[in-house]
Amino acid sequence: MARIDVRHRQGTFRTPIVLASGPAGFGVELSGSLDFRAIGALTTKTITREAREGNTQPRVVDAPSGILNSIGLENPGLEAFLRDVLPRIRSFDAVRVVSLAGRTPEEAASVAAELDGEAGVDWLELNLSCPNVRGETVADRPEQVSAYVEAVRNASRCPLLAKLPASDNLPALVGAALNAGADGLTLINAVRGLRIDVEVGRPFLARGTGGLCGPAILPIALARVFEVRRAHPNALIVGTGGVTCVRDAIEMLCAGADLVGVGFGVMADPASVFALAAGLESWLDARGIRDVKELVGAAHRGGFRVL
Amino acid sequence: MARIDVRHRQGTFRTPIVLASGPAGFGVELSGSLDFRAIGALTTKTITREAREGNTQPRVVDAPSGILNSIGLENPGLEAFLRDVLPRIRSFDAVRVVSLAGRTPEEAASVAAELDGEAGVDWLELNLSCPNVRGETVADRPEQVSAYVEAVRNASRCPLLAKLPASDNLPALVGAALNAGADGLTLINAVRGLRIDVEVGRPFLARGTGGLCGPAILPIALARVFEVRRAHPNALIVGTGGVTCVRDAIEMLCAGADLVGVGFGVMADPASVFALAAGLESWLDARGIRDVKELVGAAHRGGFRVL
Amino acid sequence: MDDKSRRHVQAAQDGPSFLVRSGSIAEAHRGGGYVRLRVDLATDLAAPQPGQFLMIRFPWGPALPRPFSTLSAQDGEIELLIKEDGLLREALAAAPCGATLEVRGPYGVPYADRIDRGRQYVLVGGGSGVAPLLHFAHAFPNLVAAMALGFRTGGARRLLPEADIAVEDETAETAEDRLHAAWQDGLGVIACGPEPLLAKVARAQRENAAAYVSLETRLGCGFGSCLGCSIPTPVGLRRICYDGPLFACSEVPWLE
Amino acid sequence: MDDKSRRHVQAAQDGPSFLVRSGSIAEAHRGGGYVRLRVDLATDLAAPQPGQFLMIRFPWGPALPRPFSTLSAQDGEIELLIKEDGLLREALAAAPCGATLEVRGPYGVPYADRIDRGRQYVLVGGGSGVAPLLHFAHAFPNLVAAMALGFRTGGARRLLPEADIAVEDETAETAEDRLHAAWQDGLGVIACGPEPLLAKVARAQRENAAAYVSLETRLGCGFGSCLGCSIPTPVGLRRICYDGPLFACSEVPWLE
């Protein structure tokens, strides 16, 4: 039986499958019927210092092979998270990554500081790329990324992921995040997109654009992970975007991801996401590949070896 | 009957439908069976000074709701174009846009100069965004765009479109192109993407990444056209990316396109592309909208008015 | 899809069902822009209660399944009433018998668990919104005072032999008219249908504690985790898919 | 897809056909990882000649139709032999009778227009590549000296009652073995099948001016304009979909 656990100096993930921030909420609805041992980590919905109402309806618009989402960081705020949500998350048998955002580096750092040392907060993910809120944590310049990561890094000892957008500038943003002390990267967030209601000629979403996610963005996410892996051979990468089946996950690993994030797939068919790890294991076994590690970044080495 | 012709100071397009550069080749195969009066313009495959072999097989890889293409600017070169291709294009009853590229601004300008004044060359399109050739005409900085557009502008009196990528930087690139004398913009080219052959763990395409096109990128193209239209209320925009049916074309017009480019759709179902204009006309008639112009940019004005 | 093993996941018993069942279109009746489908389910499904919905797609797509209320549900068999408008619904309407569907659920709070069961109700509905109301009427005849169901045209009548529907194009009568005709003090209302109809009911019945509307929006997950369907209520944000789809008119003051 | 008017385009007569015909799966036989489909075409189609192909998809997708050679073609009816492997092909194999297809074409140069018709040929094929060869043998029996068709397993045998196939898993005999057995000087070869088989034939027959291989790649348009299928030949770039799919072994020196 192939090994599919992912060993990292800051902890081990039982499988390479990560529930991406957002679609799984805080995991509460899923936990009633699905076994978290099938996933490596749960990333929470992004939390902020104060509660947020999020955007008005509609928040989901259909797109070819995906959707535009415009949730807008609805969340109960830090205090309610600590009081009501964290106690439930503590019992989940998987690494728990708490996603956070802030309007300023200081605000993000203050959230990180209060989470520091709490049981059930295994990793932090700093959301620097939400396409659905205006004028805050969308970091498209390296200086912004540095400032945020540094502030959060200094506020918490938790291992830290920086979640970045599919920017042209991604290699520079990644460099900034790693230099500022991020332990890893989550690539990519949803891609800015628009749909128009042709009955009236206006955008469906109140904010105009939303975040494109789902299979449509798989090739884009693969390209970005591939490019970042080439530039940063040792960074921990959670490759996220458009993965819905075992084959997609294998492509993401070969492109250079250590862990594979799934967002849209959780909305579309959660059970299939919880079956990915087992499917991956059988796939490896069928090829005599002993450790999922052998797939990671294989596309940079001319492919993997089949026994 | 609604008007669907597009009047521009540099000429009139019979319909808003433009065959995007590439998938339609030089229009020769299509012209045998389809009536060019159904389209506003044919954009040729991009030509270069010297003939190009393009990339090795495979050049097309499936992707959710689209493909990655990696043609790599295969073309017969300027001389053969003038000798063998242009005479056939002259007879097509639609505006003919000749797409060109060059390794340097000077090379592009020299191609433009030789096309200047040739019958059958109604517009030029300067391809500044091919994702499938290395180190040449991918202009991702405003200075590059300025230099190319200025050089071509000075070499030819033909009306000129600048074809730009879905870059984060797009508003700045557009500003540079318009300031340097472009008469309009074609937005967007294919989006960089990757697919990996999971049987071997290597990218399908020899160059690694390719250009994602087809319905998958429709929301991305709509967002970019929307943003550029907001910044440049008077620029001529050929909105291109993922359009395959009348509804998509209407979305593109409402987002701000004056003309609607179709690439992938020509490969998938050419007859349907030649039926778009008629479909658009019926759609307008059913709503009592008298001129397609009323749709253009409607999303920026709170929608269109139905009689 | 190409991953055969994804069906092998184990589901525990104490949460919503995430297993994707395979369904097969067994019978289809079309008319008036609607189609009534009978779907055989290969495996058991906790029978959806009236007001609950299933998330459905074909194996080929769309990528995100869509919610459909049941018109009836019994061992291994469900019926749906579908408006032929939209990507999946047009494909459902055009599919041959034998075509395979992917079905997960049921989700949402059954109407019967949400309402005051000490009352009788007028069921007000239009278009595909009549489906959960007919399901409810069949399951809880004692809770139903009257039906007030309307369609624009008469084409759908033969799909619904069990219902007496008002057809606006024929008699100028609407669901709302029937609600007025049946109205008596003390009754409750359950409305499901196009938003303008719900808005009228909500406006008229805001003070009636037993007046409910069944809301629709574009869902994401369908089981409460993605927050795609959040709406504001006086007591905070609520999820249509998880806390609804039925809401008291007093909870949706913005609906007018 | 949702645009009803797109079928109304007029096509002239002197170029390739771009009209999208509606087809309906009338019969399906499955075995050994293959499926043989009979498809009824609602409207007339210029009957595909052996070696030509059709671009096919379902109304729902995939976005880009895929090429399939015909196994037989006569008024309003075609047969296909499909390997159950890949997005569209697995969906084709799983589709119920009555399912609707979109079909355009035919495209490509008929084998008979490409070869030296003064010769007789051994037809060498494997897997779904036997389809155009059987079509050719049926249409031009006089041009066929022998058939050398092979499958890995015997499961597909009952799909092809008209063919005598070598089954490697049963008798260790391959298509290539049959080619050797049938070989006589002066014969031509037409090969269609997996690339390793074509490469072997090409290597062995490079000097034979009447040796041809039917090439495959991932197509784009199918009618010659997108350059998705360009390959180098000693006389310049050629398009598999438009100049092929059949090429003389001498034209593809890189195939080995």
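Quick notes on this one:
Per-chain residue numbering starts at 1, and chain names A, B, C and D are given in the order in which the chains are listed.
What we mean here is this: contacts are C-beta pairs under 8 Å (C-beta built on N, C-alpha and C of every residue); 3 or more make two chains touch, one makes a residue touch a chain.
Keep in mind that what you see is a predicted model, and the values were worked out from it rather than measured.
Among the other chains, C has the CA centre that is most remote from the centre of chain B. Chain B and chain D have Cα centroids lying 33 Å from one another.
In this assembly, the C-alpha centroid of chain C lies 47 Å from the C-alpha centroid of chain D. Each chain gets one centre point, the mean of its Cα atoms, and the points for chain A and chain D are 44 Å apart. Multi-chain contact residues of chain D, defined as those touching 2 or more other chains: 2, 61, 63, 87.
Under the contact definition stated at the top, the residues of chain B that touch 2 or more other chains are 64-66, 214-216, 247. Viewed as a contact network, the protein chains form a single closed ring in which every chain touches exactly two others. Of all possible chain pairings, those that touch are A-B, A-C, B-D, C-D.
Across the interface of their complex, chain C is touched by residues 22-35, 38, 45, 53-54, 57-62, 65-67, 69, 71, 74, 214-215, 244-247, 264, 266-272, 274-276, 278-279, 282 of chain A.
Those residues of chain C that touch chain D in the complex are listed here as 2, 58-61, 87, 90-91, 94, 96-100. Residue ranges on chain A touching chain B, taken from their complex, read 63-66, 68, 140, 167-169, 191-196, 198, 200-203, 208-209, 212, 214-220, 222-223, 226, 242, 247, 250-251, 254-255, 295, 298-299, 302-304.
Residues of chain C touching chain A in their complex: 1-3, 5-20, 61-65, 87, 102, 104, 217-232, 237, 242.
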